[in-house]
Amino acid sequence: MAEEFAVRMVNVTKTFGHVTANDKVYLELRKGEILSLLGENGSGKTTLMNMLSGIYFPDSGQIYINGREVTIASPHDAYELGIGMVHQHFKLVDVLTAAENIALGLPGGVMVDRKAIAAKVRQICDRYGFDVDPDKKIYDMSVSEKQTLEIVKTLYRGAEILILDEPTAVLTPQETEKLFAVMRNMRDDGKSIIIITHKLNEVLEISDRVTVLRKGEYIGDMDTAKADVRALTDMMVGRTVTLNIQRDEPASPQRRLEIRNLTVRDKDGVTRLDDINLDVYAGEILGVAGISGCGQKELLEAIAGLQPAVSGSSIKYRPTGPEGPAEELLGLGPRAVSDRGIRLAFVPEDRLGMGLVASMNIAGNMMLKEYRSGKSPLVERRRPYDMARDIVRELEVVTPSIETPVRQLSGGNVQKVLVGREIALHPTVLMSAYAVRGLDINTSYTIYRLLNEQKKAGVAVIYVGEDLDVLLQLCDRIAVLCGGRLNDIVDGRTATKEQVGYLMTNFRREAGA
Amino acid sequence: MTNHEPLIHIARRDGLVWWRAWCIRLAAAVLALLVSALFIYSITKLNPVKVYAAMWEGAFGSPRRAWVTARDASILLCIGVGLAPAFMMRFWNVGAEGQMLMGGCATAAVLIYGGGALSTFQLLLVSTVASVAAGALWGVIPALFKARWNTNETLFTLMMNYIAIQITCFLVALWENPKGSNSVGVINQQTQAGWLPALFGKQYLLNVVIVLVLTVAMYLYLKYTKHGYEISVVGESENTARYAGISVKRVIVRTMALSGAVCGLSGFIAVAGASHTISTSTAGGRGFTAIIVAWMAKFNTFVMVLIALLLVFLEKGAVQIASQFHLNDYASDVVTGIILFFLLGSEFFIQYTVRFRSHGRNNEEVQA
Amino acid sequence: MTQLISLLTNAIVFGTVILYGALGEIITEKSGNLNLGVPGIMYLGGIAGLAAAFFYEMHAAAPIGWVGLVISFLAAVAASMLGGLIYAFLTITLRANQNVTGLTLTIFGAGLANLFGGSLNALAGGVGQISVAVTSRAYRAYSHTLSGLGQVGQLLFSFGFMAYLAIILAVLASWFLNRSRVGLNLRAVGEDPATADAAGVNVIRYKYLATCVGAGISGLGGLYYAMDYIKGTWSTDGTIEALGWLAVALVIFATWRPARAIWSAYLFGVLYWAYNYISGLSRASIELFKMLPYIVTIIVLVAVSLRRSKESQPPKSLGLSYFREER
């Protein structure tokens, strides 16, 4: 009897340091089917697939390809087994042509036989309905062309099992349709395909079966025909977990930031934020939910003055409430903002690469935003050391000394230093991006406590998060972003996890459906 | 499942206690001296210990020799001090040779054209300003292009060296004295106008004092001033600098002006305080050697004192061996090269640990 | 006309020295290694070739030109590759800084070469300057049968074989980088080592090989200078170093393309020698003329960064060590 499964992963576990990315995960891919691997950010989907494609090596567990137990130690091994993965970040060399990228690293004659490559590429394209120009340089290609090329590359290398990591994240709806069409063609040709996604509508549209992961654990799988949005959402987000995060009623919230028509384009001209209108109140915690890369980073950086916006956008800062004077923040830049005495605190996602100077000690990092103060050409010596000592003591930062470079601290302690410094600014607005990512439970609760204290002190707090349980139990209101647009603002006390999860993945059409 | 971990595992260290790092460097230096000894033995068949004794003799054998060693070390140190801020900013200024020559040319010009008109004090003042300005100009030009268009600064500053060298050749031909000698000769030989004066009767003491003051000043500048703080933030991460509201472009241009200015000043010291003439050998490759001095010292100007002394000692020592054993002076470059190779290689063992597979993966992941 | 021919002849001889240096450096830089040791490597190539020929001529009863040629050629390539190996070991395996390592190699190479170049004769018990007349003549032998073609023939056929070898090597290198499979992998290593690694290219091996082979080619520039340009003698005047830096400049000027390096090298030669053919220049202004190659190189460097054309950029990972990070 022919083997039914192209891939079986059994009890696969992978840990990184203290973090268990995959805990005894189970996955089956039948031959000639499209399987959706569904889960929230950080649920371990990509880690699991990276073990199949030879990037990571599992700590324990078994992998069977076509019924045979195998060891996959490198991408090369994966190719030998007919497994090809298209990563979210394309692995293409910019200055080479499509054909050259395909030929890269392959064995063969002395010359690169462009004609033969082009012929084989054309054959693959014709078979599945791709469109690739072998002589086009990568830097001239659109994102969707690059993705197509990556898929063709894996097929060229003889892949029978294809893994696509969130392929639609970078595509327009039309391009997505095209991709789905070729995926169906490939399936009908006998290829087995895994598509990593967190978009429910796509799961329902493209896949035959769906496997759900949550927080690194296998939750279950089902035939797509039997699934609906409700059932999948429940599996994906799980039952509500009570976290016992303290949440007080906001005391006399006042409008502090007015964000109007905020549109941001990146340097390639791609729209990252699309016409956002949002008010931020002093004395409340505003949560921002969304699939990663939906504009959260751009929103915070625009407020912080690090991200230029399209003209017509506006962010008004009102220190004394809606009737008081207003100051336009856009176009100022961080230095002018602080020179005007506006104290914006920002805990960015990239803690060591943006929020802190990794090789400097704790005291040195204390000065980062205030080193300019005072007329003296010298930096102050005493204050940062006092600050560093205070933060180390109050937040219980574990460090050999305040002279230790922050790079050497553990993730939780790095975050305490960063948050501690930003709070010590006595801010009026405090923004944080993924403030508890990678932190242990105790440190996470310390961060929640600090944010709550700031809220009580009348600071406007913005909390960009990924864990819906935390968002729902910490925040007063939650703004849900979807593809760079503001989908809805819900009340943190009454909204349900399913509701937010749905808003994250399904944009309400302009019609207001 | 079989474990496919590679046999050798290389991991970045979390910082090493300073004295252990210096032990590694010392071991590398000793090893390098052994290799150099072998090399010397293989071509001269002489007892290497005697050779090293002769080297010591060459560098410090007489007060005069010791002063010349101090003079040359201080010029090398001065260039290294000039490079420190640029390197701390991760700006690859390999143009010190040119910046120094421009400073030297400016000094020579002031001494030649102002020799009859101005007092020595005035000459020194004007030539200091001129050399600083010329060096700064040579540093700022590549910095502007780097800041504005991200033009590769390593290659740009490298090319600027040769433009400066040709300008020097041009001026040498212009100022040739006497005619046909293809050299400028000693400037103001009779009047000694514009020469750095002797201090307490020691001819080169003032050179050394100036450079030591600069060394201390640069150390303080980098460590305690707002500018120094900005430089280290920009060098670490431009993203963090933007986050902190630092204008990266302005810091790049300002820092390169400073770096070029100090390198220009080293040209002033070399001309007004040492050779009293100008030629391409006023710099003579020291601008390149100083890059190594600055890099090895990890921007710490006090450590540069040690390294500059070591290199000049080797140079003087090798000149001594060469003349004793009828070789030429280039032996010093060979020994210098060997020592530097070893010291560069030793940094790897300070930055990384090498573990073998038998140690297992568990204890390493606990640290992650 | 005679003047022009003579200028072009001089320019080609001059250009050949730096063409070798630049070709080797292009191969090296295509792997992502910026080797500022080119002058040192050219020194090593020059002195090794000269020393090998010297010992051969000293010990052979009746030295034969082509034997000396083969011996010195092999010695030059071997010594330069050894220099490249030192650089490769320090920067690739020990991850030392490329700029500093390269500069050290230049100091070391120049020192070693001038030490032996200046005292080889003395060490061997002789007096005066080193000279390898027989071997040098073999290097400079040219095809007399073809030089009867008038002035054009003189221009085309009056060089030693190494001038033609340089052109052949440049064409080969161009073909290698643009057409061959190994060349493709090499370019990928210099652009994006992580991607090349993921595609199954052995990044470390490619970097080592490119650096050593590149050094071997650069070293030929030194050999050509010693054997042909200054006719089998040695001079400690630092000319090789200046030419070595011009070779680095040439790499930029040719925007990392071997075929473009051919005419660029000769253009540098013309710029360098032009002063000889312009009447009425003072000795001082001659020196100003000599800075032309460097100025045009800066202009090209700036233009490249201004235009941001993807095609003429330095290899993207140039100057960076590759370290496959494990998570």
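Order of writing sets the chain letters: A, B and C. Residues in each chain are counted from 1.
By definition in this document, contacts are C-beta pairs under 8 Å (C-beta built on N, C-alpha and C of every residue); 3 or more make two chains touch, one makes a residue touch a chain.
Small disclaimer: the values here were computed from a predicted structure and weren't measured.
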item	value
Chain closest to the middle [Cα centroid of all protein chains]	B
Chain pair, A-C or B-C, that carries the greater number of C-beta contacts	B-C
Chain located farthest away, centre of subunit C as origin (C-alpha)	A
Rounded Å distance, subunit A centre to subunit B centre (Cα mean)	46
Centre-to-centre distance between subunit C and subunit A (centres being mean Cα positions), rounded to whole Å	49
Geometric centre distance via CA averages, subunit C-subunit B, whole Å	27
Overlap residues in subunit A, where contacts from two or more other chains coincide	16
Complex contact set, residues of subunit A against subunit C	16, 56, 75-76, 79, 91-96, 100, 103-106, 108-112, 137, 139
Touching residues (chain side subunit B, partner subunit A) in the complex	1-5, 14-15, 224-230, 232-233, 236-237, 239-240, 242-247, 365-366, 368
Touching residues on subunit A, where the partner in the complex is subunit B	15-17, 57-58, 60, 62, 71, 73-74, 304, 306, 333-338, 346, 348, 350, 353-360, 364, 367-369, 371-372, 377-379, 381, 405, 407-408
Contact set on subunit B toward subunit C in their complex	43, 92, 94, 145, 149-152, 154-156, 158-163, 165-167, 169-174, 285, 288-289, 291-292, 295-296, 326-328, 330-338, 340-341, 344-345, 347-348, 351-352
Residue ranges of subunit C in contact with subunit A within the complex	179-182, 184-185, 187-188, 191-192, 194-196, 198-201, 310-311, 313, 316, 327
